[in-house]
Amino acid sequence: MLYSFDREFRVEYYETDKMGVVHNSVYFLYFEKGRTETMRHLGFPYNEIEQRGVIMPLVDQYCKYISPSYYDDVLTIRTFIDEMPCSKFNFRYDVFRKEENNKTTLIAQGYNSLAFVDMKTNRPMRPPEWMTKILTEKLGK
Amino acid sequence: MLYSFDREFRVEYYETDKMGVVHNSVYFLYFEKGRTETMRHLGFPYNEIEQRGVIMPLVDQYCKYISPSYYDDVLTIRTFIDEMPCSKFNFRYDVFRKEENNKTTLIAQGYNSLAFVDMKTNRPMRPPEWMTKILTEKLGK
Amino acid sequence: MLYSFDREFRVEYYETDKMGVVHNSVYFLYFEKGRTETMRHLGFPYNEIEQRGVIMPLVDQYCKYISPSYYDDVLTIRTFIDEMPCSKFNFRYDVFRKEENNKTTLIAQGYNSLAFVDMKTNRPMRPPEWMTKILTEKLGK
Amino acid sequence: MLYSFDREFRVEYYETDKMGVVHNSVYFLYFEKGRTETMRHLGFPYNEIEQRGVIMPLVDQYCKYISPSYYDDVLTIRTFIDEMPCSKFNFRYDVFRKEENNKTTLIAQGYNSLAFVDMKTNRPMRPPEWMTKILTEKLGK
């Protein structure tokens, strides 16, 4: 693992369903929340990537539901980068809840993979050099 | 009232919240569902409007919650056009459930107002002539 | 105006639509975000209200869209309480963006009204006494 | 493959994001749309399952994004059942668009796995007998 970044947030009422728990689709929004702040923290906010003419559409994603989470829970989304992006940028995620006894409950785990696409040509491309440069510096590779 | 159009749909699980009912924000998506099919039925699908260089952002909207609706309910969204669009296009909505006894339960009522904006100039504009022409024919004014 | 409370948040990618701006329905989620933290800050988190056997379903709500907001914008939702709750609890909202020049751009304004319902009887009720007590202390009435 | 069922639907505006395409999280809602109607068509609507005291929370799910889909596209979600449910009920999905030339464009593929949980005990259980009976009749096993 090269890097990880934590973002805390609170479960909103509108994220729950009639089962009384967070709806399964919402975890993929949490992944996005986590990835967004990780990229900002590394120095290349996604907004800037698009402004530089690159979009990063998802290739695939997966989520495993381990324990339910509830309205008003304070959750942490931990985003992992395990390797330098090559043709794809792979992210991995843990969603967990810190309990009062100082333990944590693992809620969900997942991953996704993003491509690099040149906005002008609409063709896949390699990671932009400026991003690789930052990653090499920050992730020490 | 010049025109009304009904669209039936079923409440999805992901539209409910932990109160066991459809979340309040979802009714505005129902309004969009209703308006979209009304415009298609009148002969100017919204997609075509954008393709002709006009976007129609919302100016305001309102919803009154009268009776809850539940997962798997079959609801009808009835979209009303009460007047020809001038600077704005006003829509009004009833959401109701047909009951087994041939009665209907009114779930929600609302309205919204949409502007016409020229995509190129990003400036407000009058309703496009081709749309007014269709509306005059269909709504008999 | 008796009370107001600010909550900052960032616009997520999944909150935008193909017009490139935050979708109209999302503002009602922002209202919920604002109201939730306001109630927590006043000392009666909504979760606790439900745990005490009261639910607060929406009666109606309105939003006026003044200026678009974009992906990655840092917005503030300001929640206002203008009066003590009687049969309903009325909230009012401003959504705005702080600009670099120290000015603010008003994005949207709205309001909603919530009822008090006894979970056991499913009947409307007056605001619970413990809540009125807190409000009287905090809002100085 | 034991069974498959098709459900057609139209992409709504609120399902798109600023990339101009359907947001990645929405495909998991499409999976739910497909699964729901498949279960209804087989004779055990999910609503009835819950009424009989069983909930079916997700264990995991995956989506592979093959080709983008756009506002107003008419898509088909095809739900596959490849095997009789044992401890889990596994579903597989194809999302595709029928093109004018009578060809189809594959948009996304995915799967998910659902557990059976006894509402009263909150414990995992085997598939209810009445469901297995229906499945054996319908899927010819």
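Chains here go by letter, A, B, C and D, matching the order in which they are written, and residues are numbered from 1 within each.
As a convention for this text, a contact is a pair of C-beta atoms (placed from the backbone, for glycine too) under 8 Å apart; a residue touches a chain by one contact, two chains touch by 3 or more.
Everything quoted here is computed from the prediction, not taken from an experiment.
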item: Set of chains whose contacts include both subunit D and subunit B; value: A, C
item: Of all other chains, the one whose Cα centre sits farthest from subunit C; value: D
item: Mean-CA-position distance for subunit D and subunit C (Å); value: 35
item: Whole-Å gap between the CA centroids of subunit B and subunit C; value: 25
item: Contacts with two or more other chains, residues of subunit C listed in rising order; value: 13-14, 21, 25, 29, 32, 71
item: Contact graph of the chains (line, ring, star, complete, other); value: complete
item: Sites on subunit C touched by subunit D in the complex; value: 13-14, 16-18, 20-21, 23, 25, 71
item: Subunit D - residues contacting subunit B, complex; value: 12-14, 29, 32-33, 36, 45-47, 71-72
item: Residues on subunit D engaged by subunit A in the complex (per definition of touch); value: 19, 21, 24-26, 28-29, 32, 55, 57-65, 68, 112
